[in-house]
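For clarity, chains are labelled A, B, C and D in written order, and residue numbers in each chain start from 1.
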Amino acid sequence: MAPSGAAELARPRRSLAVRLLVSEYLVLALTAVYFVVMWLLVPAIATADTLLDILAAMMPLLVVSIGQTFVLIVAGIDLAAPSILAAASVVGASMMTGEGGFALFTGVPILVGIIAFLGMGLFIGLLNGICTTRLNMPPFIVTLSTMMFFSGFALFYTSALTDDGSSFGDLPSAFVAIGQGTVHGVPYSLGVAAVVMLVAHVTLSRTVFGQWLYAIGRNPRAAAISGVPVKRAVMWAFIISGLCGGVASILYTGRLETGTPVLGQRILLDIVGAAVIGGVSLFGGKGRVTWTLYGVLFLSVVDKGLQLLGLDLASVFAIKGLVILCAAVLDAVRHRLMLRG
Amino acid sequence: MDVNAAPFFTAQGLCKSFFGVQVLHDMAFSLRPGQVLGLVGENGSGKSTTMNIVGGVLPMDAGRMTIDGAEYRPRSPGEAEARGIAFIHQELNLFRNLSVAENLFIAGFPKLIKGLPFIDRAKVRARTQELLAAVDLDVAPNTPVSRLSQGERQLVEIAKALGANARIMIFDEPTTSLTTRETDRLFDIIGRLQRQGIAIIYISHILGDVMRLCDDIVVLRDGHLVGSAAKADMTIEKMITLMVGRTIDQMFPPRDPPVTLGGPVLEVRGLSQRGMVKDINLSLRAGEVLGISGLMGAGRSELARILFGMDPFESGEVSIGGTKVAALSPAACMDHGMAFLTEDRRAEGLMMEASIADNVALASLPKFGTTWARFIERTRLGDEVTRVSKAVQINARDLQRTLVKNLSGGNQQKAVIGKWLLHHPRVFILDEPTRGIDVGAKYEVYKIVNQLAAGGAGVLFISSEIEELTGMCDRILVMAHGEIRAEFPRTDFDREAILRAAMWHGLKESA
Amino acid sequence: MQVTRRAFTVGALVAAVGSSMSVMVKAEGGKTVALLFDSLVSPFWVSGIEIMREKAKSKGWTTLENISNFDDNKQFEQVKAMISRKVDGILIIQTDAKAVIPAIRAANAANIPMVHFNRPPAKSDAYSVAIQADNRKIMQDTVSFMVAQAKKMGGKYKACILIGDLGDVNAIQRRDGFFDIVNQNKDIIDVVGRVSTEWNADKAFAGLTNAIQANPDINFLVTSSDFLHPQIEQVLKSANKWHKKGEAGHVLFGGFDGDEGAYARLQDGYLDACGVQNLALEVDMAFGAFEDLWAGKKPEKLLLDPGFVISQDDLMAKRDTMWGYTVWKKMQKG
Amino acid sequence: MSARDPGSRGRHTTLFLLRNAPVLLFIVLLAAFGMMSGRFLTVTNFVNIFIQAAHIGIIAIGMTFVLLIGGIDLSIGANMYIVAAVLGLYLKDLPLVVSFPLVTLIGLAFGAVNAWFITRLRVAAFITTLSTLFVGRGIALYFSGNKMVGFSPEVLSLGRASYLGVPSAIWAFAIVFIVAFVTLSQTTFGRQIYAVGADADAAGKAGINVRRIVFSVYCIAGVCAAIGGLVSLSQVAVASSTFGFQKEFPVIAATVLGGTSLFGGRGGVLGTVFGAVLIQTVENGLVMTDADPYLYPLVISVIIFIAVFVDSTRTSILERLERRQIRVERA
């Protein structure tokens, strides 16, 4: 966790605190500070099990937030992410469920199931992309209406296909393992998320497509005049967000062994918030996969600490808010310091 | 004007530093009522910093300013305005989402009833009409600014300063987007203001204008005051020498027309779009610099945008590099070797929040990402960006870190040119390439144009400055009302004749 | 970053303080129980958690709390956090019956007893004990009582039900209980309104207003939870339909849960019947299950709270077993 | 504007239809629901629709101010809950003429706290209001102890009351709307909001006190959240621990549906009212026609989608039709 990059960037004569403050690792450092404070209060947070829990639990959020990062970079927003999680969860689970899943006859229900998850994500992402680029509709409202539609669809689908109308259970154990299983103590989900993260990071920072996305976020008109296929690239950003939603839905669904229509219905602000806390701009052109990682880690550690404390709801809300606010204020101070040079 | 009147505004010892670098040293000047003070210098010489200090945009580090003997130390533009100082910014600080009238009064509308916040719309309207008449701008007060052209917006900006009843008006490059006729009109207005006793600070790169207009001239170089004299004691040559610290013999680099031009690289036949352009025919040959002249609103930029596939056309055909391109789009045009420098570099040319390197690389990224996953060859790209940036002489410390928004206008324009050079264009459309940039940078842009043509590219050079066109082009087309009205080969260049063709009034306008 | 000697010293000190403070947290000798709720949206849950806190305190137990806000995944993390804290028992109110199964497995693996409060999990190989009100049965009984009243008074009835969140089993079971009975009595009862409340007060308010606008002659009303009573009262008052039993224009009104508002409205004569979940009993059953489990016994997987229907007829006789009455009494005193 | 084509009447009709497309859509919707339910097209039902749209509409009017400067306020739900908790727990015995202004001041103070962080410490609005969303609700939950908060009978009867035949909620909605509308269109402050939203730097250079405008705008959002909260609680009669929870979504949806841009400088409160009423009309129509509750979100989202689709198509066609022409051409 040593911010060596920070040291390189900053000028030599500054104190460690100031150097850390102006580095992009600020959020990471704050996470560490919070962790130490929590450690004093609840030593259980520093056990290997808990740490592994935090890692395993944050992976699905990380994947879906990375998808969101792509859309945020082109100055869009994907509010449909929670509904992608839910719709993919129920559709995918309905393929594989032991209670008469559609794909049981295929012999490889898990594969069909996974394709269904990704297909659902792809479909919703494509729909969002088409509406924003081909029909020129604002992304906020497009994804707001697709969020409402597919959340409703997930409930409707579940009620029509299950007895109790609430969820799809009895999923194949091999599928469940994707969300829960471990190799030498390392969760599979960690591997999946690591691959997604790596691909996303390389795509954004090293490929033509990635640079196009930044250009679109910074100035779409200049990008268009410079020959960037703006519409196609934005469309892909939404598709990627959808696919990431599909992958995250696989992880969540496997973790819970259940395809549920209320999956992720409350985490929209976590998804966008993690990216923004990490430093991704809502106005486009600025963001990195690693920043999103820091943001997700921050929120996950904050949450875990509060869970371990086991306080009443009022305190949980107040502390969570204050911690985010502190991070934000420090970030604002950091910007001023950077401007001052 | 009373030359012997005492100065009412003084500035002494103004200093300013950014990030530890001092950009202004001991600046001093004074103003008498009715005086027009010219302020000249290259970009980065401290002109804008000085004016930002006077206009309350930046605080000064050291120094002292007085108005009527009283200390003047504005903390905001609002305070400057309250003390009678109006600042007409170069980058047109108008709100596109508001009407012309609202833009004029945005800092404080006349009230319907004193003490209540309601706007007196009738008064706003009447006053706006008055002010617009004063700058001869014929638009309705409630026209949204977004519908006005660049030049019309400039006039609104001047009307706004008129409305503020300022004692000092600062004009920062007011004529860059005005045509000759409008410039004359502006100078009339300035003369009028002068007679009313308003002092004017006039910043411009067009030294001829400065000589014509100003009573006294102050020259800055690298943040130092290097010369200050009455008009009688100043010449353009002297100004240039003071500004650049060396002698420049000519405004334009020598251009030897190539003996033989190559084949046509851009051919347009019968291009029409209702309400925009009609029956445009032109042929641009390799190695040729073809100028397009015309008044504002003559359809020059509109033609350029259609040619680069940004706006649609109804009929006609376009061939680039000998191939007929059926569906024009920026990407298709670029594939055929076309490049386009837009007239609005802030809104369409550059990513202001990005580094120089990112901007220069933007149009050519696919060339550096040819593997299956289109990974960018960063070393090769970096080398090429550095090479091109050197070629166009972008003046910046670090190509990877310096943000374009922190560059001067000239360097910004060079970044746009660099972006297109990296793409190796065969046809280069330049729409007002020297707008708002200083003498030195202009000269460098001209040199690049010459090099391009010498390298076999065809250049379509759109400009409002006839001198620039006659200095740079092999041939000039004159547009009016969306049509090409006249063509002049280099041998027949005649300022008067070009202007007459541009001002052509046809039957259609009188209808 | 260079680790200086000073930084190291500071770190060591912090660690030392940390380990000593941690002793403080675990100081009390009694059992520690985690209370994991999915929300505190209705008085039922608020009273439930308060009763639990009290009873746990009287037994000398420590409680830890976590609210998941209807997020199954977050609740799973909360269970894991409680396992990390090595609590002695986990009482859970999950949102989804199936999604809780991994949490049960995790608790099983850590050998920590888990008790579901008010909502049983789906069938699985994992072991846990569930305490549940017999929602469908209680709702059936409540509606049966109302239908009997209706028959007594005669005439035809236009019915409306306020349904809970469609993702919540309890809401579904109560809705089903309602339809079980009204469908048998189609001759006198016509269901004209199904208001989807999503357990959301203003949705309920708007939905019921619209339903009454569409059918101003609604005169048979059932809510899936008593916490919606204030909105119902407000709507019926606006429509001039809020009348006591026996007065002209009285709407037959049935509730579910048995909270303090329900008691007050029963007493005042506006509410005809209420399906009561025996909250205190359920808490006792849950805590009893923990004690059995700690003692090595293995209680049944599902323990049912039969609940009961309370009406204006037997209010005085039964009210002491109604948890809402206890709360109501306290409020009167306070 | 040299060239406007006076001769073509067809184009004028097209332009007229396009400009009024949202209204037309609304009429189509009304006709459709009207045909399906006899009670839909009645005065009482429209009164209901407006009552139900009132609290969202009022808060969305405040949100419009915030969005106009390119900001965002996610904390309005927490603000509503604080107002409700304080009113129900501590001000129950005061007369309404005292208690209502008092809690409105609390709303203002909450908005001012947001504004302080945003303008003084320059924290991004999204994160500031995201965290005050948590802190605010946490504080109010501490006050209420998670319990249902009830209100005095006067509050509840106010919720049902009518003056001059118009229900109190609609009065509140109308007054807030008129004040906001006049403020935005007829005062210097209002026009400056648009200027700041278009370009804050330019606004500063034009002599506008940008910080003051931004500060005021968040305070206005706070006041509107408080008033909207009061309207809501006077109807639903109690505030549970989730009162106002996630209200930011329908509020922002109504605002954006009404044509206000999230990037500032474009929009207005008239559209916002339209957006809030449109959503409520659809919900009402669905209940009136006794639709399956599972279908509600599906239908509402499709209608929002169509509304926005029509609007964006209209905007792009209008842009093309009204584009500056530089030549006069005879038809």
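To be clear about the criterion, a contact is a pair of C-beta atoms (placed from the backbone, for glycine too) under 8 Å apart; a residue touches a chain by one contact, two chains touch by 3 or more.
From a predicted model like this one, the values you see are computed outputs, not experimental measurements.
Counting only chains that touch, the fewest steps needed to get from chain C to chain D is 1.
Considering every other chain in turn, the ones in contact with both chain B and chain C prove to be A, D. Taking the mean of C-alpha positions as each chain's centre, the chain lying farthest from the centre of chain D is B.
Interface comparison, B-D versus A-D: the higher count of C-beta contacts falls to A-D.
The geometric centre of chain B is 42 Å away from that of chain D, both derived from CA atoms. Here the spacing of chain A and chain D, counted between their Cα centres, is 29 Å. Put simply, the C-alpha centre of chain A and that of chain B have 45 angstrom between them.
Per-chain CA centroids place chain A at a distance of 32 Å from chain C.
Contact with two or more other chains is made by residues 40, 166 of chain C. Within chain D, contacts with two or more other chains are made by residues 145-146, 241, 294, 296.
Of all residues in chain B, none touches 2 or more other chains.
Looking at which chains touch one another, you get A-B, A-C, A-D, B-D, C-D. Partner chain A is touched in their complex by these residues of chain C: 1, 14, 17-19, 21-22, 25, 34, 40, 63-67, 69-74, 76-78, 80-86, 95-99, 101-102, 122, 124, 166-169, 172. Interface of chain D with chain B (complex): residues 1-3, 182-183, 186-189, 191-192, 194-195, 197-199, 202-209, 265-266, 323-329. Residues of chain A touching chain C in their complex: 2-4, 7, 16, 36, 39-45, 47, 49-50, 53, 57, 60, 155, 159, 164-170, 176, 180, 252, 255-258, 260-267, 303-304, 307-313, 316.
Only residues 55, 57, 76-78, 80-81, 87, 89, 93-98, 102, 105-109, 117-119, 121, 139-140, 143, 147, 149, 274-278, 297-299, 302, 481-483, 508-509, 511 of chain B touch chain D when the two sit together in their complex.
Within the complex, the chain D residues that touch chain C are 37, 39, 44-45, 48, 51-52, 55, 145-148, 150, 156, 159-160, 232, 235-243, 280, 283-284, 287-288, 290, 293-294, 296.
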